[in-house]
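What follows is a single structure, and I will ask about it in a moment.
Going by the order they are written in, the chains are A, B, C and D; count residues from 1 in each one.
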């Protein structure tokens, strides 16, 4: 086999492998019945572990194949691991929830699985075509996940919302792409960069095209003002799905964005730098401020997710490798704490005539359910970024990057925001620890939910104290 | 003689019509069709450009877009149906139970 | 001996975990917690005895990489400035735990766990010599304290807890950025990127004046909130009033000292130029705090609030002394930190134990109880006099040193500060009179006097108060060398800056 | 040295034993311990006095280094010199007498042991005050006597009046101490030391004589500033105008306390301090002027108020105030020896008088109003005679104690050229004689005005009468023993070395003048007495009432102590309390600072609750915002 062919194979091997596994999952789905459906998910986990083990690239190794269309390197690998983790945690934690809601179906897992294949393509894409296909693979699966609970009006509603708005945003993205393509004469990142260097940047159409594209990205990472879908979708979607959506697609979007801007838009750094610094500020403030006034914890977490996107954008704007390494670390940690939080959230059942996720349901939980409360406390303070919890490490790295890039003002805004954010996370703990119970609430943590939240909590604590492992894990990744 | 500009203008117009449709119409199906309209505008652009640049990439891309559009249609319509099952309506204004 | 500091930091945490796993609350738990705190206190004794008083530098140093890739170390050490604080922390924690046996009725297990975790945080903050490590401990203290106030506090506990938490946090988030900035600047200067406090300090000369100003202001605000200095003191009354006795004791006894400690360790040596320029303004703030705190304390209706404001006033003396930047002043400041910890801690304990009996903190509800609780009255009087700064008791020595130092540095401010001496007498005695003197309020005719346990936990404080008053050298001898180094450091810096 | 230390240890041990074991075990045996303690000191004091007087023995030693403030080192040191030894005699003697007296007086009080514990504390503190060899020790004693007086005035704390009085006393003293504190700081600033030996050394002082010091932008002579600060302390302790108002109120305490603390010893601490610092004061001319002014004013105020009071103890209290005025005045004019001498004699007879009043109280069932007494001389002969002696002594009739010291003060004042001060002094002497005898006549002479009380009156037990007799004897003798011949007696030779600064020229005056002055003061005293006799024996109650009618406003003014308390309340207490509660606390703390703080919380909340309405939940809105967003961004990037 020629080295080129070899290269091609290696560059795309993980995706291929995953696809094969995905198809196997579909078959498995058909073979299993009722309770057994969760097996599908567990197999998925196994497959991912296999893929992760097989396809780990050599440090610094870069496998660019198929006429520079797909790239498999540490960067793609790290993010693949993040997706895999998100998938694993969600799967492990979701069983009871799905069972109670009567939607314990194999599709849930297979669709997640396929969405991850899409994400992998997004991240490793070196060509807009590949990127677009990956994006849509992910997006469409996400629409389905959002509307997965057919019987629940909210779920269906969020599905439709997500779909319409998502489709619209990808329309914008595409339209932008076409202009970029027209102006630069290529879909390939490297060639786009080339063209931009050679003066295409001045071309008026490019600017529109780029802004439209970036807007499309901004939509995926739910950056203000393209964030509007996020709260509704997250709130309506089945809780585990929501947990997954706040983590994996966002990570994917960020990763692909980093790739795109670093490889393709390197010459017009000024443009996207400004673009995202504006959005970062808007996003952080809007997310936190509105989250402050939420009474539904699920929705509050949705807004918090928006604000976290804001922090991560700081890492993007920093335009140094610490920046995107911080983003990777952040999404990694975020996977644990946010999915953990959502899992615990999914456990909560309010017997009163109130939505399960309302703050009142948390009142006095610390007495009835100390373990639940403790777990939630850990996740909340971690999200708030209080040391010695993992969340702090994430924020810290972001600020380090910003300070290194001498974006003092942005760092200050970020810091102030994290102080501002504290309050709404604290409010959950206030209800749990300081208030007396108001409603008959059932918060018994089932086996699978326990596993996820336990892993989450332990990791959050452990990373808080000994972050070296995680940090060195992301230290190698280079675009 | 039709130049690139004509195509671009045309597609721009179609695209705008699409956006307008999404913004104005209240019927989800119609909105969805407007979305498809936007995608077609994209395709016109691609075709025009690939012709202008004399390369295949654009036209290949069109195929992808179409395929994706089809997939989208499938999922989208399914979702709209499940929504209709729940709420007996596909009026965009009535699906605002989650807000604030 | 070589790992004594790590033991000091992590023993309470281990104990807390032990409690978490093996105990179910109730009597056994509190005795276990108390035992743990006693052991912790005993650990400090070898520290005190083996401490080399002739060496102003860091001792018992422990240094190893923590997060090598970021230049973060696990770096501990103790010098004259901190050792007294360590002693104070372990002592007060022990006493506070003993003092909560009857006060804390609900969810005892959680309470004692929180206390022990808090102790870890406090000790760690004092011992950390790595900026990042320091910050971790500094913030880590918030959560347990927040829970202590919020869960076991009084009526407005939630407001108080949140206020305490956010106030402090607001101060410290910007501090984090300052720390990072120092990290980079030091890196650029030396090419070595590290959070090593001593190294960062040693390079002060290389920091531009503007940069120093910026860093100073940010750090200072962060610490001033903790002290608390006027006008960022308003979290203190609420927190003090609402917190349970043990909480108030620790809050007043140790947490407030974090702020002044931070100033000593960071503001002064790292940004000497800024410090020297800002000296008079800080002095002004301190004096305002002294007088303002005293006046506001005078008109309080709630005993705990009164003591809280008195803390504002007394901590004003500390900052005044520290920013005098001379031997007497700084030593006085440190000694005053210690004294204030002891005396105010004792006062809160006393208030707490009478509150257990009467369930009121309103001064108006009391009156003449000296008749029914003579022993209590006597001890209360002693600590009242102590906090007034009566000679032969600790606080006097502290105040005296501070005033001597301050008078050298800025005589006019010192004179104004001395007015505080009058007011402290006014508000404390007025409170004392309304609570314990005058005709006995019939309600309290058969109030139970202090029982053995209460006497036991007050007694050590009593001894120390007089000890410091009559033979301060026992304590100041620890400080001398380190302070001398600090003063020399500032002097050289002052010259260099000219 | 050893004796000096023993002097301290006696009361200390007594205090510890009583304090720790009193409540449970010792109870009524407390006086035994306390008296044992104070007797030790008494004996030591005598020994020290003997040593000092006969073989010029003196001690200036350090027990241990107490405070180290940078370069400054303050020892816990002891100084014994003539001045100290005299003070020791005064303190221990009176203290001992009062201890004994208290056995009888406090008998049956439920705080019996507590009382004696406090007495020991006081004795200890007073001894520290006089024995210290540096300013800080002085200050310690200074504050501790303040504490003990606080405790003892508030001994019956359940009385509101007592509780108020003790607080007032402490706070008033604190105001003085503020000055003292500044004084200390200036001493340190000037001499880099707090030891007397360094501070009072002639050329060090000469060195700073001309130096000025800037406070709040104003220039003062360093010495003046320093001494003025110190003198503020003295004003507080020795109840000098304008800080004199606490002393009369202090009479709320048990009478032995009034005798010991508020007549004989503590209140004279100020005088002692000024005398101790004579080296500084004699160089500080502005301050000296002020000292004289304060002294004279106080003397006059005290006497004038004394004229009209009806409460026996208050009469004595005000006479104390005015006598203290004398002493301070004396220090002002540089007559330090005279001042200390008067301090000495005054301690004897004023202690005596107070104890007598206590004895009377005892007989009168704690009733103190002189208007209900009368004719007690039969009922309680000892008290009567001793009181009479006291009165004569204070009135300044030779050869009793008062005459010698007071006359000397007046003479020196005159001699030093402060004629006006002298005039005041002489006038006050007359007034003193008058009101003292007024009290005497009202209490012991004449006919009983409250038969019921009178019938129950009885002489006090031996424990109380013995001290009376003892002090009476002292009052008779000390003057002539120590002070004869005038200005050249034993005490002058004894104290001369310490109290007359090298360069201070003794005011030589013609012998004739001296005699004239002497005669004059005697005459005035006699006059005062006879007027009193006229008023309160011969023409009682007609003449007094008539006088009161004619001088109504004056009488009212005096009766209400010149309205000082009211004035202070109006000028300081109320304004400050209002300021603190209304302005500082309610306005600034709560409504400005805290409001701002809470605003930081509320504003974001509010913004959030408004901003959330953008989120209408309708797809079109969402897409619309996106479109707008894109347009705005495009516009933005085209403009920049």
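Following the convention adopted for this analysis, a contact is a pair of C-beta atoms (placed from the backbone, for glycine too) under 8 Å apart; a residue touches a chain by one contact, two chains touch by 3 or more.
Since the structure is predicted, the reported quantities are computational estimates derived from the model, not experimental observations.
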C-D compared against B-D, more contacting pairs: C-D
Rounded Å distance between subunit C and subunit D, as computed from the means of their C-alpha atoms: 37
Centre-to-centre distance between subunit D and subunit B (centres being mean Cα positions), rounded to whole Å: 98
Intercentroid distance (Cα basis), subunit B paired with subunit A, Å: 26
Distance from the mean Cα position of subunit C to that of subunit A, given in whole angstrom: 43
Touching two or more other chains - residues of subunit D: 601, 612, 615, 617, 619, 623
Subunit B: positions in contact with at least two other chains: 19, 22, 31, 92, 95, 97-100
Of all residues in subunit C, the ones touching two or more other chains: 166, 170
Each pair of chains that touches, named by its two labels: A-B, A-C, A-D, B-D, C-D
Residues of subunit D touching subunit C in the complex: 23, 64-72, 136, 139-140, 143-144, 147, 150, 154, 157-160, 162-164, 166-167, 170-171, 174-175, 177-178, 181-182, 185, 188-189, 215-216, 576-577, 579-581, 584-585, 589, 593-594, 597, 600-601
Touch list for subunit A against partner subunit C, complex: 366-367, 370, 381, 386-388, 392, 396, 399-400, 403-404, 408, 411-412, 415-416, 418-419, 422-423, 426, 430, 433-435, 466-468, 471-472, 475
Subunit C residues within the subunit D interface of the complex: 163, 166-167, 170, 231, 233-235, 292, 295-296, 298-300, 326-328, 331-332, 368, 370-371, 374-375, 385, 390-392, 396-397, 400-401, 403-405, 407-408, 411-412, 414-415, 418-419, 421-422, 425-426, 429-430, 433, 436-440, 470-473, 476, 480
Residues of subunit C defined as touching subunit A within the complex: 66-70, 107, 110, 135-136, 139-140, 142-143, 146-147, 150-151, 157-158, 161-162, 165-166, 169-170, 173-174, 176-177, 180-181, 184
Complex contact set, residues of subunit A against subunit B: 128-129, 132-133, 136, 140, 143-144, 147, 150-154, 156-161, 163-164, 167-168, 171, 174-175, 177-179, 181-182, 185-187, 231-232, 235-236, 294, 299
